[in-house]
Amino acid sequence: MPVITVQMGTGQAKDKKELIRRLTSAANEVTGIPESSYIVFIEELDYDNIGLGGVTLTEKLAKQ
Amino acid sequence: MPVITVQMGTGQAKDKKELIRRLTSAANEVTGIPESSYIVFIEELDYDNIGLGGVTLTEKLAKQ
Amino acid sequence: MPVITVQMGTGQAKDKKELIRRLTSAANEVTGIPESSYIVFIEELDYDNIGLGGVTLTEKLAKQ
Amino acid sequence: MPVITVQMGTGQAKDKKELIRRLTSAANEVTGIPESSYIVFIEELDYDNIGLGGVTLTEKLAKQ
Amino acid sequence: MPVITVQMGTGQAKDKKELIRRLTSAANEVTGIPESSYIVFIEELDYDNIGLGGVTLTEKLAKQ
Amino acid sequence: MPVITVQMGTGQAKDKKELIRRLTSAANEVTGIPESSYIVFIEELDYDNIGLGGVTLTEKLAKQ
(Lines give C-alpha, C1' and ligand atoms only; values in the text may rest on other atoms or scores of the structure.)
Protein backbone atom coordinates (compact mmCIF):
# COMPACT_ATOMS: atom_id res chain seq x y z
CA MET A 1 0.00 0.00 0.00
CA PRO A 2 2.88 2.42 0.17
CA VAL A 3 2.55 4.93 -2.64
CA ILE A 4 5.67 6.39 -4.25
CA THR A 5 5.13 9.54 -6.31
CA VAL A 6 8.00 10.84 -8.43
CA GLN A 7 7.85 14.43 -9.71
CA MET A 8 10.35 15.01 -12.52
CA GLY A 9 10.85 16.61 -15.93
CA THR A 10 9.12 15.05 -18.94
CA GLY A 11 11.44 12.53 -20.54
CA GLN A 12 14.03 12.56 -17.76
CA ALA A 13 13.23 8.92 -17.09
CA LYS A 14 13.79 7.31 -20.47
CA ASP A 15 13.04 3.88 -19.06
CA LYS A 16 9.96 4.30 -16.89
CA LYS A 17 9.38 0.54 -16.74
CA GLU A 18 12.81 0.08 -15.18
CA LEU A 19 12.37 3.05 -12.83
CA ILE A 20 9.14 1.58 -11.48
CA ARG A 21 10.70 -1.86 -11.14
CA ARG A 22 13.78 -0.60 -9.31
CA LEU A 23 12.00 1.80 -6.91
CA THR A 24 9.55 -0.92 -5.95
CA SER A 25 12.23 -3.52 -5.38
CA ALA A 26 14.42 -1.09 -3.37
CA ALA A 27 11.48 -0.21 -1.11
CA ASN A 28 10.54 -3.86 -0.72
CA GLU A 29 14.07 -4.83 0.30
CA VAL A 30 14.26 -2.13 2.98
CA THR A 31 10.76 -2.43 4.46
CA GLY A 32 9.85 -6.07 3.89
CA ILE A 33 6.45 -4.98 2.55
CA PRO A 34 5.76 -7.23 -0.48
CA GLU A 35 6.34 -5.73 -3.95
CA SER A 36 2.71 -6.44 -4.88
CA SER A 37 1.57 -3.79 -2.38
CA TYR A 38 3.38 -0.86 -3.98
CA ILE A 39 1.95 1.77 -6.28
CA VAL A 40 4.28 4.13 -8.15
CA PHE A 41 3.20 7.30 -9.96
CA ILE A 42 5.62 9.12 -12.26
CA GLU A 43 4.39 12.69 -12.67
CA GLU A 44 6.22 14.29 -15.59
CA LEU A 45 6.24 18.08 -15.84
CA ASP A 46 7.30 20.46 -18.61
CA TYR A 47 10.62 22.16 -18.02
CA ASP A 48 8.70 25.46 -17.92
CA ASN A 49 6.76 24.16 -14.92
CA ILE A 50 9.77 23.26 -12.81
CA GLY A 51 11.68 25.84 -10.79
CA LEU A 52 15.16 25.36 -9.37
CA GLY A 53 16.48 28.19 -7.23
CA GLY A 54 13.80 30.53 -8.60
CA VAL A 55 14.57 29.85 -12.26
CA THR A 56 12.71 27.49 -14.62
CA LEU A 57 14.51 24.34 -15.72
CA THR A 58 14.16 25.66 -19.29
CA GLU A 59 16.11 28.81 -18.43
CA LYS A 60 18.66 26.84 -16.42
CA LEU A 61 19.47 24.50 -19.32
CA ALA A 62 19.61 27.41 -21.80
CA LYS A 63 22.29 29.08 -19.70
CA GLN A 64 24.56 26.07 -19.68
CA MET B 1 -11.11 23.95 2.27
CA PRO B 2 -10.39 20.25 2.31
CA VAL B 3 -8.58 19.28 -0.88
CA ILE B 4 -9.14 15.86 -2.43
CA THR B 5 -6.55 14.78 -4.99
CA VAL B 6 -7.22 11.64 -7.03
CA GLN B 7 -4.31 10.01 -8.88
CA MET B 8 -5.53 7.55 -11.52
CA GLY B 9 -5.03 6.34 -15.08
CA THR B 10 -6.05 8.63 -17.94
CA GLY B 11 -9.63 7.87 -18.93
CA GLN B 12 -10.37 5.60 -15.97
CA ALA B 13 -12.96 8.11 -14.81
CA LYS B 14 -15.23 8.43 -17.83
CA ASP B 15 -17.54 10.77 -15.97
CA LYS B 16 -15.29 13.24 -14.15
CA LYS B 17 -18.19 15.60 -13.46
CA GLU B 18 -19.97 12.84 -11.57
CA LEU B 19 -16.79 11.72 -9.77
CA ILE B 20 -16.24 15.26 -8.48
CA ARG B 21 -19.88 15.60 -7.48
CA ARG B 22 -19.97 12.31 -5.60
CA LEU B 23 -16.63 12.65 -3.78
CA THR B 24 -17.59 16.13 -2.62
CA SER B 25 -21.02 15.09 -1.41
CA ALA B 26 -19.66 11.98 0.37
CA ALA B 27 -17.05 14.09 2.20
CA ASN B 28 -19.66 16.70 3.08
CA GLU B 29 -22.03 14.12 4.54
CA VAL B 30 -19.34 12.60 6.76
CA THR B 31 -17.61 15.79 7.97
CA GLY B 32 -20.39 18.38 7.91
CA ILE B 33 -18.03 20.80 6.12
CA PRO B 34 -20.16 22.53 3.44
CA GLU B 35 -19.78 21.31 -0.17
CA SER B 36 -18.78 24.79 -1.27
CA SER B 37 -15.51 24.46 0.68
CA TYR B 38 -14.17 21.44 -1.21
CA ILE B 39 -11.64 21.39 -4.00
CA VAL B 40 -11.08 18.20 -6.01
CA PHE B 41 -8.18 17.58 -8.39
CA ILE B 42 -8.21 14.58 -10.72
CA GLU B 43 -4.64 13.89 -11.80
CA GLU B 44 -4.68 11.53 -14.77
CA LEU B 45 -1.50 9.63 -15.62
CA ASP B 46 -0.49 7.55 -18.63
CA TYR B 47 -0.55 3.81 -18.02
CA ASP B 48 3.23 3.83 -18.62
CA ASN B 49 3.59 6.15 -15.63
CA ILE B 50 1.72 3.97 -13.14
CA GLY B 51 3.36 1.04 -11.41
CA LEU B 52 1.51 -1.76 -9.64
CA GLY B 53 3.67 -4.30 -7.86
CA GLY B 54 6.73 -3.14 -9.79
CA VAL B 55 5.12 -3.46 -13.24
CA THR B 56 3.59 -0.67 -15.34
CA LEU B 57 -0.17 -0.66 -15.78
CA THR B 58 0.48 -1.00 -19.53
CA GLU B 59 2.38 -4.27 -19.01
CA LYS B 60 -0.18 -5.50 -16.51
CA LEU B 61 -3.09 -5.04 -18.92
CA ALA B 62 -1.11 -6.60 -21.82
CA LYS B 63 -0.63 -9.77 -19.80
CA GLN B 64 -4.31 -10.26 -19.12
CA MET C 1 -5.11 1.46 -7.79
CA PRO C 2 -6.54 4.94 -7.78
CA VAL C 3 -5.13 6.86 -4.82
CA ILE C 4 -7.27 9.47 -3.08
CA THR C 5 -5.39 11.90 -0.83
CA VAL C 6 -7.40 14.23 1.39
CA GLN C 7 -5.64 17.27 2.90
CA MET C 8 -7.63 18.75 5.76
CA GLY C 9 -7.40 20.19 9.27
CA THR C 10 -6.63 17.84 12.17
CA GLY C 11 -9.86 16.54 13.64
CA GLN C 12 -12.11 17.92 10.90
CA ALA C 13 -13.03 14.36 9.99
CA LYS C 14 -14.33 12.99 13.29
CA ASP C 15 -15.20 9.66 11.65
CA LYS C 16 -12.24 8.77 9.45
CA LYS C 17 -13.43 5.19 9.07
CA GLU C 18 -16.66 6.43 7.54
CA LEU C 19 -14.89 9.04 5.37
CA ILE C 20 -12.66 6.33 3.88
CA ARG C 21 -15.62 4.00 3.37
CA ARG C 22 -17.75 6.65 1.65
CA LEU C 23 -15.05 8.13 -0.63
CA THR C 24 -14.08 4.65 -1.79
CA SER C 25 -17.65 3.59 -2.49
CA ALA C 26 -18.45 6.85 -4.32
CA ALA C 27 -15.40 6.44 -6.56
CA ASN C 28 -16.22 2.80 -7.18
CA GLU C 29 -19.80 3.60 -8.20
CA VAL C 30 -18.70 6.26 -10.71
CA THR C 31 -15.70 4.49 -12.25
CA GLY C 32 -16.55 0.81 -11.93
CA ILE C 33 -13.05 0.15 -10.57
CA PRO C 34 -13.51 -2.35 -7.70
CA GLU C 35 -13.39 -0.98 -4.14
CA SER C 36 -10.50 -3.31 -3.30
CA SER C 37 -8.23 -1.32 -5.66
CA TYR C 38 -8.53 2.01 -3.84
CA ILE C 39 -6.11 3.55 -1.41
CA VAL C 40 -7.13 6.60 0.64
CA PHE C 41 -4.75 8.80 2.63
CA ILE C 42 -6.11 11.39 5.07
CA GLU C 43 -3.40 13.97 5.69
CA GLU C 44 -4.34 16.05 8.73
CA LEU C 45 -2.62 19.40 9.21
CA ASP C 46 -2.53 21.82 12.15
CA TYR C 47 -4.71 24.89 11.71
CA ASP C 48 -1.50 26.96 11.79
CA ASN C 49 -0.32 25.09 8.69
CA ILE C 50 -3.38 25.79 6.56
CA GLY C 51 -3.86 29.07 4.73
CA LEU C 52 -7.16 30.33 3.34
CA GLY C 53 -7.01 33.56 1.41
CA GLY C 54 -3.58 34.35 2.87
CA VAL C 55 -4.62 33.87 6.50
CA THR C 56 -4.10 30.78 8.67
CA LEU C 57 -7.14 28.73 9.60
CA THR C 58 -6.29 29.52 13.24
CA GLU C 59 -6.59 33.27 12.60
CA LYS C 60 -9.71 32.79 10.51
CA LEU C 61 -11.54 30.92 13.26
CA ALA C 62 -10.40 33.42 15.94
CA LYS C 63 -11.98 36.25 13.97
CA GLN C 64 -15.38 34.61 13.81
CA MET D 1 15.21 21.71 -0.19
CA PRO D 2 11.70 22.93 0.49
CA VAL D 3 9.43 21.84 -2.34
CA ILE D 4 6.51 24.03 -3.37
CA THR D 5 3.87 22.33 -5.50
CA VAL D 6 1.14 24.46 -7.07
CA GLN D 7 -2.00 22.76 -8.40
CA MET D 8 -3.97 25.05 -10.70
CA GLY D 9 -5.90 25.22 -13.97
CA THR D 10 -3.95 24.99 -17.24
CA GLY D 11 -3.03 28.48 -18.39
CA GLN D 12 -4.07 30.23 -15.19
CA ALA D 13 -0.45 31.24 -14.66
CA LYS D 14 0.38 33.06 -17.88
CA ASP D 15 3.85 33.89 -16.61
CA LYS D 16 5.16 30.72 -15.02
CA LYS D 17 8.72 32.06 -14.96
CA GLU D 18 7.58 34.97 -12.82
CA LEU D 19 5.40 32.76 -10.59
CA ILE D 20 8.37 30.51 -9.83
CA ARG D 21 10.64 33.51 -9.22
CA ARG D 22 8.19 35.21 -6.87
CA LEU D 23 7.18 32.13 -4.83
CA THR D 24 10.83 31.24 -4.32
CA SER D 25 11.81 34.73 -3.26
CA ALA D 26 8.82 35.08 -0.90
CA ALA D 27 9.68 31.78 0.79
CA ASN D 28 13.35 32.73 1.01
CA GLU D 29 12.55 36.06 2.65
CA VAL D 30 10.34 34.47 5.31
CA THR D 31 12.44 31.39 6.14
CA GLY D 32 15.99 32.50 5.43
CA ILE D 33 16.58 29.27 3.51
CA PRO D 34 18.62 30.28 0.42
CA GLU D 35 16.75 30.56 -2.91
CA SER D 36 19.04 27.97 -4.46
CA SER D 37 17.53 25.29 -2.21
CA TYR D 38 13.94 25.62 -3.48
CA ILE D 39 12.16 23.47 -6.00
CA VAL D 40 8.82 24.57 -7.43
CA PHE D 41 6.44 22.36 -9.43
CA ILE D 42 3.48 23.89 -11.25
CA GLU D 43 0.95 21.13 -11.90
CA GLU D 44 -1.58 22.37 -14.45
CA LEU D 45 -4.90 20.54 -14.72
CA ASP D 46 -7.72 20.70 -17.27
CA TYR D 47 -10.76 22.61 -16.09
CA ASP D 48 -12.70 19.32 -16.35
CA ASN D 49 -10.36 17.82 -13.75
CA ILE D 50 -10.87 20.52 -11.13
CA GLY D 51 -13.87 20.56 -8.81
CA LEU D 52 -15.04 23.53 -6.79
CA GLY D 53 -17.95 22.92 -4.46
CA GLY D 54 -18.80 19.70 -6.29
CA VAL D 55 -18.89 21.25 -9.76
CA THR D 56 -16.13 21.22 -12.40
CA LEU D 57 -14.37 24.48 -13.14
CA THR D 58 -15.64 24.09 -16.72
CA GLU D 59 -19.27 24.07 -15.54
CA LYS D 60 -18.62 26.89 -13.10
CA LEU D 61 -17.24 29.20 -15.80
CA ALA D 62 -20.05 28.28 -18.23
CA LYS D 63 -22.64 29.41 -15.70
CA GLN D 64 -21.13 32.84 -15.28
CA MET E 1 -8.71 27.68 -6.06
CA PRO E 2 -5.03 27.20 -6.71
CA VAL E 3 -3.56 25.02 -3.99
CA ILE E 4 0.02 25.56 -2.85
CA THR E 5 1.58 22.73 -0.86
CA VAL E 6 4.94 23.29 0.79
CA GLN E 7 6.94 20.26 1.95
CA MET E 8 9.70 21.26 4.36
CA GLY E 9 11.44 20.33 7.61
CA THR E 10 9.57 20.81 10.89
CA GLY E 11 10.31 24.25 12.28
CA GLN E 12 12.10 25.54 9.17
CA ALA E 13 9.33 28.11 8.76
CA LYS E 14 9.38 29.90 12.10
CA ASP E 15 6.68 32.30 10.93
CA LYS E 16 4.09 30.19 9.16
CA LYS E 17 1.53 33.00 9.24
CA GLU E 18 3.92 35.19 7.27
CA LEU E 19 4.89 32.37 4.87
CA ILE E 20 1.22 31.78 4.02
CA ARG E 21 0.58 35.50 3.62
CA ARG E 22 3.57 36.05 1.35
CA LEU E 23 3.10 32.99 -0.89
CA THR E 24 -0.55 33.88 -1.40
CA SER E 25 0.18 37.49 -2.22
CA ALA E 26 3.03 36.60 -4.61
CA ALA E 27 0.79 34.16 -6.50
CA ASN E 28 -2.04 36.68 -6.60
CA GLU E 29 0.21 39.38 -8.04
CA VAL E 30 1.50 37.12 -10.82
CA THR E 31 -1.75 35.39 -11.81
CA GLY E 32 -4.43 37.95 -10.97
CA ILE E 33 -6.46 35.24 -9.25
CA PRO E 34 -7.86 36.86 -6.07
CA GLU E 35 -6.11 36.06 -2.78
CA SER E 36 -9.36 34.71 -1.34
CA SER E 37 -9.18 31.78 -3.79
CA TYR E 38 -5.86 30.37 -2.53
CA ILE E 39 -5.31 27.49 -0.18
CA VAL E 40 -1.84 26.86 1.27
CA PHE E 41 -0.77 23.69 3.08
CA ILE E 42 2.55 23.58 4.96
CA GLU E 43 3.52 19.94 5.40
CA GLU E 44 6.30 19.72 7.98
CA LEU E 45 8.42 16.58 8.08
CA ASP E 46 10.97 15.28 10.60
CA TYR E 47 14.58 15.66 9.49
CA ASP E 48 14.79 11.83 9.51
CA ASN E 49 12.06 11.74 6.86
CA ILE E 50 13.78 14.07 4.41
CA GLY E 51 16.49 12.87 2.06
CA LEU E 52 18.92 15.11 0.20
CA GLY E 53 21.28 13.39 -2.19
CA GLY E 54 20.53 10.03 -0.60
CA VAL E 55 21.29 11.14 2.96
CA THR E 56 18.76 12.20 5.64
CA LEU E 57 18.68 15.85 6.61
CA THR E 58 19.58 14.71 10.15
CA GLU E 59 22.81 13.11 8.91
CA LYS E 60 23.57 16.05 6.67
CA LEU E 61 23.35 18.57 9.52
CA ALA E 62 25.38 16.32 11.85
CA LYS E 63 28.24 16.30 9.34
CA GLN E 64 28.47 20.06 9.17
CA MET F 1 15.75 17.84 -8.75
CA PRO F 2 13.43 14.87 -9.00
CA VAL F 3 11.33 14.64 -5.87
CA ILE F 4 10.25 11.25 -4.54
CA THR F 5 7.41 11.31 -2.00
CA VAL F 6 6.55 8.10 -0.18
CA GLN F 7 3.19 7.86 1.60
CA MET F 8 3.12 4.96 4.06
CA GLY F 9 2.07 3.90 7.56
CA THR F 10 3.98 5.28 10.55
CA GLY F 11 6.79 2.93 11.44
CA GLN F 12 6.48 0.75 8.33
CA ALA F 13 9.94 1.87 7.28
CA LYS F 14 12.04 0.92 10.30
CA ASP F 15 15.20 2.08 8.53
CA LYS F 16 14.35 5.39 6.90
CA LYS F 17 18.02 6.22 6.33
CA GLU F 18 18.38 3.08 4.24
CA LEU F 19 15.06 3.65 2.41
CA ILE F 20 16.19 7.12 1.36
CA ARG F 21 19.62 5.82 0.33
CA ARG F 22 18.22 2.97 -1.75
CA LEU F 23 15.43 4.90 -3.51
CA THR F 24 17.89 7.62 -4.46
CA SER F 25 20.48 5.22 -5.78
CA ALA F 26 17.89 3.19 -7.74
CA ALA F 27 16.55 6.35 -9.39
CA ASN F 28 20.07 7.55 -10.14
CA GLU F 29 21.04 4.26 -11.80
CA VAL F 30 17.98 4.28 -14.07
CA THR F 31 17.91 7.96 -15.04
CA GLY F 32 21.56 9.01 -14.85
CA ILE F 33 20.53 12.12 -12.90
CA PRO F 34 23.18 12.51 -10.14
CA GLU F 35 22.23 11.38 -6.63
CA SER F 36 22.92 14.86 -5.29
CA SER F 37 19.88 16.18 -7.21
CA TYR F 38 17.29 13.99 -5.48
CA ILE F 39 14.97 14.93 -2.65
CA VAL F 40 12.99 12.23 -0.85
CA PHE F 41 10.10 12.85 1.52
CA ILE F 42 8.71 10.03 3.68
CA GLU F 43 5.21 10.98 4.76
CA GLU F 44 4.12 8.67 7.58
CA LEU F 45 0.42 8.38 8.35
CA ASP F 46 -1.48 6.81 11.25
CA TYR F 47 -3.11 3.49 10.40
CA ASP F 48 -6.49 5.18 11.06
CA ASN F 49 -5.70 7.62 8.22
CA ILE F 50 -4.99 4.98 5.58
CA GLY F 51 -7.77 3.22 3.69
CA LEU F 52 -7.37 0.02 1.72
CA GLY F 53 -10.42 -1.17 -0.17
CA GLY F 54 -12.64 1.14 1.88
CA VAL F 55 -11.41 -0.08 5.26
CA THR F 56 -8.80 1.57 7.51
CA LEU F 57 -5.46 -0.17 7.89
CA THR F 58 -6.24 -0.39 11.62
CA GLU F 59 -9.42 -2.40 10.94
CA LYS F 60 -7.67 -4.52 8.33
CA LEU F 61 -4.90 -5.58 10.71
CA ALA F 62 -7.40 -6.25 13.54
CA LYS F 63 -9.25 -8.71 11.32
CA GLN F 64 -6.18 -10.78 10.56
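Note that the chains are named A, B, C, D, E and F in the order they appear, and that numbering of residues resets to 1 at the start of each chain.
Convention: contacts are C-beta pairs under 8 Å (C-beta built on N, C-alpha and C of every residue); 3 or more make two chains touch, one makes a residue touch a chain.
None of these values were measured; they are calculated from a predicted model.
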Legend entry - Shared interface partners, meaning chains that touch chain C and chain F: A, E
Legend entry - Which of B-C and D-F has more C-beta contact pairs: B-C
Legend entry - Centroid spacing, where centroids are CA-atom means, of chain B and chain E in whole angstrom: 25
Inset, instruction - Calculate how many whole Å lie between the centre of chain C and the centre of chain E, each centre taken as the average of the chain's C-alpha atoms. - result: 20
Legend entry - chain D: positions in contact with at least two other chains: 1, 3-5, 7, 23, 25, 39, 41, 43, 50, 52
Inset, instruction - Name the shape of the chain contact graph, picking from line, ring, star, complete and other. - result: other
Inset, instruction - Please give all chain pairs that are in touch with each other. - result: A-B, A-C, A-D, A-F, B-C, B-D, B-E, C-E, C-F, D-E, D-F, E-F
Inset, instruction - Mind listing the chain B positions that touch chain E in their complex? - result: 1, 3, 39, 41
Legend entry - Residues on chain A engaged by chain F in the complex (per definition of touch): 1-9, 12-15, 18-19, 22-23, 25-27, 29-31, 33, 50, 52, 57
Inset, instruction - Over in the complex, which chain D residues touch chain A? Could you list them? - result: 3-5, 16-17, 20-21, 23-25, 28, 35-44
Legend entry - Residues of chain E that touch chain F when the two form their complex: 7, 43, 45, 48-56, 59
